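Each of the next two complexes has chain A plus one more chain, namely chain B in the first and chain C in the second.
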Partner chain A sequence: MANNIAAQRIQREFKEVIKSDEVAKCAIRVELVNDNYTELKGEIAGPPDTPYEGGNFVLEIKVPETYPFNPPKVRFITKIWHPNISSVTGAICLDILRDQWAAAMTLRTVLLSLQALMAAAEPDDPQDAVVAKQYKDDQEMFRLTAKHWTAKYAGGPGGNPDFEMKIRRLTDMGVEEDQARVALSSYNWDLERATEQLFS
Partner chain B sequence: MSFFTSGNTPVTQVVATRNDLESNEEKKYCWVCFASEDDDAHASWVQPCNCRGTTKWVHQVCLQRWVDEKQKGNMSGKVSCPQCNSEYIIVFPDMGPLIVLLDAVDNVVYKVCPFVAAGIVVGSIYWTAVTYGAVTVMQVVGNKEAMNMMDQVDPLVLLVGLPAIPIVLILGKMVRWEDTVLTFIRRHSNKVPLLKYLMPSYVLLGAGIDGVRESNSDVPPLADTVSATRVLCGALLFPTVATICGKIFFDNIPSNIQRTLLGGITFIALKGCLKIYHMQQQFIRQSKRRILDYTPPVVQPDPTPAPTPTPVNTPTQDLTDSSQTA
Partner chain C sequence: MASILEIIFELINNMLQFFRLGKKSISNSLNIYIKSNTGSTLSIELDPKWDIKNVKEVIAPKLGLPPNEVKIIFAGKELDDSITIEECDLGEQSILHAVQSRSQSKRSRPLSESVANLQLSNISENDDSSSTIEEQLESSEEKGIKNTHFYVYCSQPCKSVRVGKLRVRCANCHSGALTVDSDPSCWDDVLKSNRITAHCEETRCETGPVSFAEFFFKCAEHTSQGEKDEAVPLYLIRPNISHVPCLACTDISDPVLVFSCEERHVTCLDCFRQYCVTRLRERQFVSDDRLGYTLPCPAGCENSLIEECHHFRLLTSEQYQMYQRFGAEEYVLKAGGVLCPQPGCGAGIIIDTDCKRVQCVGGCGVRSH
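And now, the complex of A and B:
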C-alpha cells in the first residue's frame, strides 16, 4: 500500500512538472528511468548569471518506498564544482532533502530549490570543504573553475585554454583527466602543487 | 465595492477571475498524496492548519501517516505544519475510565521499574555479602562455635557486621603495603648490611652502573595498575587461604581462630616478601635494559634464516652487556 501511495503520487507529480511553466522555459525536466516510478532522471538548466549558465545538469532521483513521507534521494550525475555538492560523488547538502523535508514538497520544488542552491551557495554549510574554502577565499578563482567544469561536463559555453593546457600537462604524465582536473581545481590551478599532490 | 460601481468593462473581468480562484480553491487537493476529490469520493478531509491554497486540504489518513512519521513512535509528541508552523490539534476519543486507569497504571509501572530493578541488584549484592560473611565466620571460627556465637549476638549486628566482612577484606587488599616497604628498603639498604646481602643486585645498581638512573624515585613503578578482579579474588579467597595455611603450618594449635589468624599472617608475610623481591627484580631488569645498534642482517651460507636480533632483556644479552660495561 505504501508503495502504491508513492507511485500514485509520483504519477500525479509528473503531470504537474510536465504542465509547469519551468518546463516550457526548459529550466527543469524529469524523465522516467523505470516503469515503477522508483527511479527518475532530472535535469536542471544552469541558472543565468552564474558560472553554471548554459550548462545542463543531470540528476539521479531515487524515490523511497515511504515517499512522500521521506524525501527523495537526489544526487548530481553531472560533475559540478559547487560548495554544497560533492565534486567526487555528486552528493548534495540541502536541508529539504534531509530533516526539513515536508510532504507538500514535490519533485518540481526540489529541482527548483536545487537551481536556487546553484545560484546561491551556502559555503558555511559545505558538502565539499575544498570547494567551499576556495569559494570563500578566492571568488574569482571559484567562478573560473566552476565555469570550466560547466563547459567540460555540462555542455556549457567557453573553454579555458590555460586550464586545458595545465590538464594536458598532467595527462601527458599519465594522470587520468578527471583526476587531473580535480587536483588542479583543488590547488587553484597551481600546476606544481597539483603535481606534487598527485605523485606523492 | 468600488469595482462594481466604477466602469462597465472591468466588473466582468474581476468577477471572472474571482470565480476562477474560488473554483480552484474549492477543488480539494491532498498535499500528501496529491489526489483530488474526484479520485476518491469517500475519503475524509481535514484542514489542519493556517495554510491556504494548495496546502490547505489534506486527507485525514494521509496527515495521520505524516504525524506518525514525525513523531517517530513518541505518541504524545507535538507536530506542526512544516509550512505555516501551526501546531496540529490532535484529539483522542474518550475510551472510558478503564482505559484511563490502564494508561495510568502503565505509566506508573514504566517509571517505577528502573528503581525496582536497581533495588533488586543492590539487595542481591547485600545478601551475597551477608552469606559470604557468615560462611567466612564459620570457616575461621569453626562450625559449632560460629553457630553458638551468631545465636547469641543481636540479629541487627549480624545484618550489619556480616556484610562488612567482605568489604573490609577488599579494602584491606587495596592497601599496597609492599610498595611502602620496598621504598623503605631502597632508601635504607646501603646502611643495613643484611639487606646488602639479601639484595646484592640492587646494591650493584646503586653503586652506579647506570649513572643516569641512580635516583630511584625517577623510575615509574612497574605494574602500577591495580586490577579490580585481582583485588576481588585476592580479598575474597583470603580467609580460605588463611585456613589452609593455618592447617599446614600450625596444625598443633587447637583453637581454630588462632590457627587461622596465624596462617593468614604467615601467608601475607610470605607473599609480601615474594612480591617485593619480584618488584625489585623487575625494577633492576628495567633499569639495565639496552637498545642495540642497528646491524644489517648478514647473509649466511647455512639454510636457516639469519637470526633476528634477540630481545634486549634476555638474560644472555644482559650478561654480555654488563660484561662489556664492566
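And now, the complex of A and C:
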C-alpha cells in the first residue's frame, strides 16, 4: 500500500513532466532509473542570462516511500558553483525540499524551483559558505568561476585560458584536476594561496 | 431437449419466487416507538410499505384522538400523509413523535431525507441560494449519487467509522417533537448552536420567544438504543460529488476527506491514513492546546488543523493506538512531566511537587523515589 501511493503518484507526475511545455522548450527533463519509480534522473538547462546558460545539469532524484507527504531527495550530479548547492556533494539548500514541502507539489515544481534557484541565489541561506562569501564579496569573480564550472562540467560554452593555465600548473605538481579547481575557485583564482592550502 | 430446459427454468423460477416471498414475509415489519407530547410511549409494529396516513389510522385510537388531528414528527419535519415509512430511513426501534395538531403546518419529507443527499458546504453563506434543496437533491441524483451519507464515529457498540444519520432535537428540552423552520445549508448550521430556529411541540417545554434546533448524529448501522444513542460526526468525510482527485495519489475516490483549508484540499481515505502514519512515525503531529494531537492539510495550508480528532479513527486500531500513545506522551512532556523510565512502559508521570516518591499511574506501576 505504502509504496503504491508513491509509485502511482510518481508515474503520473512523470507523464506530466514529459507532456509539459518546459520539456518542449528543452528546459527540463526526467528519466526513469528503475522500474519501480523510486529513483529518477532529472535534467535542467542552465537559465539564460546566468553563468549557467548553455549548460545541462543532471540531478539525482530519490523518491521516499512516504512520498508525496515527504519531499523527494534531490542532489546535483553535475558539479556546479552556486551558493545554495554544495560544490563537493551536490547537496541542495532549498526550503521546498525541506520543511516547506507540501504534498501538492510535484517533480515539475521541484525542477522549476531549482531552475529558479539557479537564476536567483540566496547567499544568506547558503549550502556552500565559501561560494556564498565569494558571491557577496566579488560578483564578477563569482560569475567567471560559475561560468568556468558550467563549461567544464555541464558542457557550457567558452573556456577561460587564464583559469585553465592555473589549473595545469597545479596538476603538473601532481594535484588532481577537480581538487585543483575547487582550491583555486575557493581562493578567487589566487594560485599562491591555493597552492599553500593544497600542500599545507 | 428444449422441454427439459424449460422444466429447469421453471424450477429455478419457482425457487427464486419462493425465496422472494420468504424474504418479504420476514422483513415486512418494523418495530417503532411512538412518543406523544403528553408523555406516553407506544410500541407498534409497522409495515415499511405503509404511508403516514396508515400510521395515523393505527395510532390515533390508541392516543384517543381522531386521525386527522394527529401530526407525525420525525427528524425535524412534520411528515406528509403520502410519505411511506420506507422513505423515512427509519431504523428498527426508531422513535416517531405524535402530536395533536391544532393548526395545519407545512408538511414535508423528513430532514434526514432532504439533507442526507446534500453535500453540506463549509461556507456559511448559501451561495447557491437560487436552487432549492429539492433541486440540489435531484442534481445529485442525476450524477448517479442515490444515497450519499454522513459519516460518524460510533463508539458504542460498533467502535468504528460508520454511515450516520442526521437527527434533530429541541435545544431547550431535548425533545424530538420539534419541527425546524429551515433546513441546515452548511456544516456550521449543523455543528454550531442557535443557527436554525424551530418549533417545539413538547408540552412541558418552556422556551423563550424563539426556540432553536440542536442537531446530532446517529449510527445507521446498529439498532437504535434509545434517545441517548449518539455518534460523533466525521464531517470532513464527504461524498465526492464534483469528482475531485486525491491530492496525493490523484485517484478520484468516494467518499473523500476534505480539509478545512481555504482551498478545500482533498485526499482519499487511504492517502489520509498514509499521511497520518507518516507524520506519526516522524512525531510531526501538532500538539494544539485547544484541539489536541492533530494534523494540518498535507498541502501545508494555514488554518487547516483537523478540529475533530475522532477523524483519526479512520486509522487501523494498531495505528490509532500509536496515535493515542504519542498524543499522551506529547501531553505529559508539554505539561512538564516525564515518561516512565521502565523500558517499554512509556506511561507518563507528572511529578507531584510536594512528594518525592512517584508512581507510574496507568502504566507498568513501577515505583521510584
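One rule holds in what follows: the second predicted complex is superposed on the first by the 200 of 200 C-alpha atoms of A that agree within 3 Å, B and C clash if a C-alpha of one lies under 4 Å from a C-alpha of the other, contacts with A are read in each partner's own complex, and residues count from 1 in each chain.
The rule we apply is simple: contacts are C-beta pairs under 8 Å (C-beta built on N, C-alpha and C of every residue); 3 or more make two chains touch, one makes a residue touch a chain.
Since the structure is predicted, the reported quantities are computational estimates derived from the model, not experimental observations.
Engineer: Let's test your reading of the overlay: on chain A, do chain B and chain C clash or fit side by side?
Structural biologist: Verdict on chain A: clash between chain B and chain C.
Engineer: Quick check on the superposed pair: does A:12 touch chain B, chain C, both, or neither? Answer first, second, both or neither.
Structural biologist: After superposing on A, A:12 lies in contact with both chain B and chain C.
Engineer: A:36 contacts which: chain B (first), chain C (second), both, neither?
Structural biologist: Neither partner.
Engineer: For A:89, is the partner it touches chain B (first), chain C (second), both, or none of the two (neither)?
Structural biologist: In the superposition, A:89 contacts neither chain B nor chain C.
Engineer: Of the two partner chains, chain B (first) and chain C (second), which one does A:139 touch, if any: first, second, both, or neither?
Structural biologist: Neither partner.
Engineer: I'd like to know which partner A:68 touches here: chain B for first, chain C for second, both or neither.
Structural biologist: both
Engineer: Between 75-83, 201-209 or 273-281, work out which stretch of chain B sticks into chain C after superposition.
Structural biologist: 75-83
Engineer: Which chain A residues are contacted by chain C in one complex and by chain B in the other?
Structural biologist: Residues 5, 8-9, 12, 66, 68-70, 100-104, which sit in both footprints.
Engineer: If you look only at chain B, which of its residues touch chain A in the complex?
Structural biologist: 31-35, 54-55, 62, 65-66, 69, 82-83
Engineer: Write out the stretch or stretches of chain A touching chain C in their complex.
Structural biologist: 1-2, 4-5, 8-9, 12, 66, 68-70, 100-104
Engineer: So in the complex, the part of chain C that touches chain A is made up of which residues?
Structural biologist: 247-251, 265, 270-271, 274-275, 278-279, 298-300
Engineer: Quick one: which bits of chain A touch chain B in the complex? Just the residue numbers, please.
Structural biologist: 5, 8-9, 12-13, 16, 66, 68-70, 100-104, 106
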